[in-house]
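In what follows, chain A forms one complex with chain B and a second complex with chain C.
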Partner chain A sequence: MELTRRDFIKASAAAAAFAAVGVSVARPKGAEAAETGITWGKAPCRYCGVGCCVLVGVKGGKIVATKGDPAGPVNKGLNCIKGYFLSKALYGKGRLTTPLIRKGNKMVEASWDEALTLIASKYKEAIAAHGPDSVAMYGSGQWTIHEGYTASKLMKGGIGTNNLEPNARLCMASAVVGFMNTFGSDEPMGCYDDLDLGDTYILWGANMAEAHPVLFSRLIDNKLKHPGVKLIDIATRKTRTTKMADEYIAMKPHGDLAAVNAIIHVILRDKLYDESFIKQHVNFKRGKENAPYGLKDKEVFNETPADIKNLTFDEYKELMKQFTPQWGEKISGIPAKKIEELARIYSDKSRKVNSLWTMGVNQHARGVWVNNLIYNLHLLTGKICKPGENPLSLTGQPSACGTAREVGTFAHRLPADMVVMNEAHRKKTAEIWGIDPAKISAKVGLHTMEMFRAIDRGELKCIWIQCTNPFQSLPNVSRLRKAAEARKAFIVVSDIYPTKSTEVADVILPSASWVEKEGVFGNTERRTQQWFKMIEPPGQAKADTWQLIEFAKRMGLGHLFPYSEKGFYKEMWEEYRKFTIGVGKDLAPYEAYAKVRGLRWPVKPDGKETRWRYTETDDPYVKKGEGVKFYKAPGNKVNAWFRPYEPPAESPDKEYPFWFCTGRLLEHWHTGTMTGRVPELKRAVPGATIEMHPEDAKRIGIKNRDMVRITSRRGTIVLPAEINGRSTPEKGSVFTTFFDETKLINELCIDAFDPLSKEPDFKKCAVKIKKA
Partner chain B sequence: MPTEPTHTDISRRQFLKGSAITPLALMLAGSGIAAVYLRPATAGGFTLRPPGAITEKRFLAACVRCGKCAQACPYKSIKMAGGEAGVGIGTPIIIPREMPCYLCSDLPCIKACPSGALDKKLEDIEKVRMGTAVIIDRESCLSIRGLRCEVCYRQCPLIDKAITIEPRHNTRTGEHTIMEPVVHKEKCVGCGICEQSCVLPKPVIVVQRTVEIQKDNYEF
Partner chain C sequence: MKLIVRPMLLMTVFFSLAFMTSAFADEQPEPDFAADAMKSPGNPPTIPHAVKPDQDGEACNTCHRTGLKNAPPTSHPERLNCTSCHVQGEVKKEKKTAPKGKKK
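So, the complex of A and B:
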């Protein structure tokens, strides 16, 4: 912080006072903290999916302070330690400030015109020779809604390929498919208010204390205020979350798939279900089984309507008889007695039960199935769509929901829950975009893993990566890095710092970040948050929307973006908003977002937000007297899926005896390109470590901080051991983080993925460990 | 906020060279300088010594200034004090903000000590008592202000023993938890990792001289 503590307090007090008396601090110009000469503006935090609101203090064209926004409903003025140092993410060493073009092994400075003309010529060349499906774009859940929308319109409506993917494929894809095939609409029915209103929280493999820091502080406050509140942590390692939970239940990796089935078995066996809720709202279905793991290139697995069988409730009950608690114990490691107990907690009429999960369930070779099964728990017991009683899938990126999911920047999606395979959806999209429906391809594009494998196969000729770092974050990354280094495709990377991905780029473009441009993010709880541009980007850095539209002009597609310079963000928003109106995903007019700290969709005609979907208590689409209505599902009935147990892609064996799991910690975010440049965070946690159970370490002769070699079938890496530290994996498991760019942890990870969501399983593969 | 003692970061070789002439230089320095520097360490001038250091007064007498503990330290946490340390010149010190003690389980510094200044009877790292971490600036501590920081806690090698989190309701927001780090001096070894990792420009948690637990009749 360049500000002294006293200045900061004064300025904060001023900003808080403005907020308290209802003076808008939205526009930097509007709210001058006169004493200090700092202008304050509002923005959502740049980092995770929680969506904390911050106030950004600008003086002399530079951010001089940030603070939690007291008016922000999510965080009420608080931040985590990453958020505290938020502005430093922009002022780290080595910001990219000029376009760079590869000349042999050197990256040479170029003008924007040279760089964009080169990119356009490469794209044109590839399209002319190999068709539009030979080019691709890979974006991000950190893209603003405008950036994702621009990319979608450009690729799907302009170039005519669905080869558009977000990095959210790596984190939220399983949640998306789970929502779609259970409820017929993406994103949760509940919201963060459930964290304040419920009394029972069951965490499935989620280290919320570190991955969703401010939300966790909110959840724990509910516990402090209400002694009856119970927090149960079901996980494969003891974490900071465990420490604050009432109960920790150790589970084997992949054990959730068996454990939830066994809990459902008990609920059915002992008739603990809510029969009238089931009768009114639930269909039972059985999908395609014996699914592959995506390890082979071009492996296809789809669950088509022909593969889906309808079941009666009795048939479903019969099928579930095999999953006894004893069977569940054998596979999940959770004692049968605990499974019985959990079934009773889930169905206890006096308890308001919430399930919370994130990457443990989503980055899972059967992630969609586990999502489906958790929904079954809530559907069978009727504990859903009620204040304080919901399943809530937590997200990890600031706009995984807003951009990747709502705009639909996946290879199969169009805005507002629509898909490219559906003719009516293509028609509606083409109408709003003002293009010929034939322009939008009906063919699903390459999903992320196939997109990068296609580079290796020589099938994908051009790829443009924006706002993400796949050459560090993808599993089995060495294959993909080798392909890129062999220059098998023309690779463009837009980013704000040099990364492991810019290393392999042919063109590097300097981007504007966060408040260096205007934007909108959408968080976990359907909250859409807008901010204005507050400072200029450094050097020649430009917003990703500008880069894409300048490229579009050179591709002869400039007409797709007819927005005026002055009204750019509003005009594009109002066009995008058309997709959302009347389909249960309604967004508000652009101006509305400038005045508030976000609104949760569907936004009602009177401008008010919706906290709980599908219920008459709050959702404008449900009439009074209808109670709960799943109006996005066919026949207003949602699907409870029969999903059996199938093993993970790779399990420990004699040669590779340990489970290997990867994840996040509080101090750093994703691949550390931003937090790694914040000296305070870097000093706090300088690099990755390997967490081990003390007994495993002792057996192998490893002491705390000893260097340890970890080897999988795909790669090997050396990390210092961390024993009895912030987390302790169960025996037979090791854990590390993926933020450290000096350690390509993902070289070890298997590139197996969920056959339905195509989301890789970063949580499970087999490794051997030895003292280095 | 006491100012940190400055020090000389010298390699073993430089140190050996230097140590040959140091006693001579000291003698020549005369009584004027001695009056300034030859003072016992006080609470304000607390010097963090390597693990196993005997009481400061006895330590100064016992330590032969050989630098073997510094040489044995794999993290270069142990440095040799320069002239500013007065009678302590050439004795081993740890400056947590630069490099804290990482508590090697085999305590190589103690093993290397030929003089007994580092107590060889100490074998269990949890019994090390170099000092005690103290939150000296509660008003600035981000965790106490309600932010989700707690870096010192998560970095503590004796997490949940030497530092615990005491959660309490945040009355300002009405919806969040203040997760306050609390140091337990009966467990804290004084390694300084918390002081090193504190994210604020001036660490709000610093290692100080361990104050003995005061005994009275109130045992619960």
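So, the complex of A and C:
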């Protein structure tokens, strides 16, 4: 602990000296004159999970400028191209401005009262006939904390069903389970400061240069200023990230599961571990194996306490003997020599090692296992909970952490790491909500994959979708679209533009977005950021909280939301905040957030934020002299899991010889409903392409820009080929993006999912390729 | 000595910002967002010419480092992920390089 503490004090003292000097920025001439009459406010960016701080300039009721906030600690004034054109996401063509109700094949304008009364009558009808578990709500990691909180209280505390899910199930669920079953509490111990303070960064299947560009800039800044900084890109395709990395290590799809096990094997074999750290902090466990892939409807798989076996360190070492570097090479494609090298890097005491990962690991048929294994690397080497030395799971939505995870808008969760299965948790929740504990169901609701399948099965009668586009973004989406088009359920969609999901809706509700309403987001590094309403939403568009509460009133549940009109956001915040106090997830009073560019929880009683959890240097829950204390884990000891290799759900074969992988690119975000309406971004990347390795293309006779037919067992699609373009997949694999609404890429994707997190694997299925 | 100063400087920027933003409301001064906006150098210009799909920062810098072929010289040649901030704008027609393959 000595070293950590000294580092911390040294850096803090230097910071104080620097703060006195201040930072000056050169201004272009004439800028001031152009900016008169503009009122400026602050907000976090609307798009990804990085949570860049943005300044918003308003004049005459319109946003006339947005700027990267120079006082923003996340991004220091920098944005990515999406952020620079942020306001255009609100001013695109075709904003929804009035409620619409389906009359046959037509959507007809309606008043809010008509629409909400219709929704309430459909929900009441379904509940009366089939019980509260026949209705559902599907929200988003783009929900503000208030929106998610309203939805959770309404569904779990009011209607009495846990059929509440966020689209974060598709991106963060594996990370959540990894945090919970390892550390006993969700969200990272480290923060973005680690990107500045470390010297070794190992990326596991993360194209940060495109998916987290501003964080990647921070990393590159560190690298430019410190020649010793090393960036190792372990991936299945060469990307812009690869270009800036010191080393690229090609890995087969699903290879991480074998590679990390083999690295751990070497660390154990050569005794490169930190024995005293392990003794003090780590328990070894073996979980349930031979897990299914979720391909059958209603398939149940759980890891109950009865399935979990305690291991001694020696037993664990014995079990890990099978995963030799040679075995690792065979499965992962990473040479055994490299595996040995990586083990030495991870355990090098002179290096501050960070692991970074995102969808490559999470959207994985064994995503939780890979999360567990990466934590094992850090736990065995003691490289955790130290400034500049941590594992960091990167998120993809602005409030996947703040809303989906912290408020707990999953089918099994309640606020602040609590779950519906636990009686004490239900009781505490009911107390804060002022309801009878019996009202909160102990039955876990339908997870996303089952929720939409239940529509097809005719079991789910009503679903309300807010702030997300599942009928484009879910895997094997054609099954789900067919079910919706057959009107198997009553579907409500609240959004700001027409999407592939409003297309199949029975009622479409126009929503307010971003600074058209007040809100709070929570980003990847536990930073909670607030903003005020700055402009009016267009037409009759309304905030999602307003929509839900007006619906609640029509359901006879208005009493759940007794907040005054003027004090609405603060009053609801202070109620929600009660969940967080004293449990290590402490949030600050509402006013505190108005003045600062966010605070990282747990916020201390003196108002200071926490950068590193579980350490005596920073975390208020760890007493002086305790060093590192995993106080959220039972017995203060975290779990290192034995997780063997199990194959992916579908692998290439003779008929479907290529791996198919999907993901993001820089210019567009999610299903492109916003970025696709920003002319600059649309012009830069108008549509999806299929990236191929040049040798594969040559062999099949495909030239750059040729139209190519890609076919999986579930669907087929034609895309232009992109060869030697921005990125190049490894031989035998192809890659495309999922933003293009004219190409439903997810019709091809397999709906296999992780057995523990129920997060689907968008990164791996088998396809065949033909020139179209 | 220099070797130490540079990393410390970088650390200090983030640490100072972190410290500046960490006290409860009553101890915090009212923020002046207009003043902060004034400190921003403004948004990056768009690129008025075609960009190759595999374009990287080194390629951009062959002209933009020094201002070759009338290219505006960059103030930050060390930032090599150019297209993460500069998006291609409308391509001027008179440029002889056809904007073929501008996509992606």
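The rule is simple: the second predicted complex is superposed on the first by the 737 of 772 C-alpha atoms of A that agree within 3 Å, B and C clash if a C-alpha of one lies under 4 Å from a C-alpha of the other, contacts with A are read in each partner's own complex, and residues count from 1 in each chain.
The rule is simple: a contact is a pair of C-beta atoms (placed from the backbone, for glycine too) under 8 Å apart; a residue touches a chain by one contact, two chains touch by 3 or more.
Owing to the predicted nature of the structure, the values given are computational and were not obtained by experimental measurement.
Once the complexes are laid over each other on chain A, chain B and chain C cannot both fit and instead clash.
Of the two partner chains placed by the overlay, chain B and chain C both lie in contact with A:684. Shared-chain residue A:703: touches chain B; no touch with chain C. Contact with both chain B and chain C is seen for A:80 once the two complexes are overlaid on the shared chain. Look at A:724: by the touch rule set out above, it reaches both chain B and chain C.
Using the contact criterion defined above for the overlaid structures, shared-chain residue A:243 touches chain B and also reaches chain C. Applying the stated contact rule after C-alpha superposition, one finds that A:606 touches chain C and leaves chain B untouched. Once the two structures are superposed, chain B and chain C can be ranked by residues of chain A touched, with C on top.
When both complexes are overlaid on chain A, the residue A:109 reaches neither chain B nor chain C.
Of the two partner chains placed by superposition, chain B and chain C are both touched by A:666. After superposing the two complexes on chain A, the stretch of chain B that clashes with chain C is 149-157, out of 23-31, 59-67, 113-121 or 149-157.
Note: residues 68, 76-81, 84-85, 196, 213-214, 216-217, 220-221, 224-225, 240, 243-244, 665-667, 680-681, 683-685, 704-705, 724-726 of chain A belong to the chain B contact set and to the chain C contact set alike, using the contact criterion stated above.
Of all residues in chain C, only 6-25, 27-31, 33-34, 36-44, 46, 53-54, 56, 78-81, 83-90, 101-104 touch chain A in the complex they form.
Contacts from chain A toward chain C in the complex involve residues 11-12, 14-19, 23, 25-28, 31-32, 35, 38-42, 55, 57, 65-71, 73, 76-81, 84-85, 193, 196-197, 209-210, 213-214, 216-217, 220-222, 224-226, 240, 243-244, 588-589, 591-592, 594-599, 606-609, 611, 665-667, 680-681, 683-687, 689, 704-705, 722, 724-726. Partner chain A is touched in their complex by these residues of chain B: 102-106, 140, 142, 146-151, 154-155, 157, 159-160, 165, 167-170, 172-177, 179, 196-197, 199-200. Put simply, chain A touches chain B in their complex at residues 5, 68, 75-81, 83-85, 196, 213-214, 216-218, 220-221, 224-225, 240, 243-244, 665-667, 680-681, 683-685, 703-705, 724-726.
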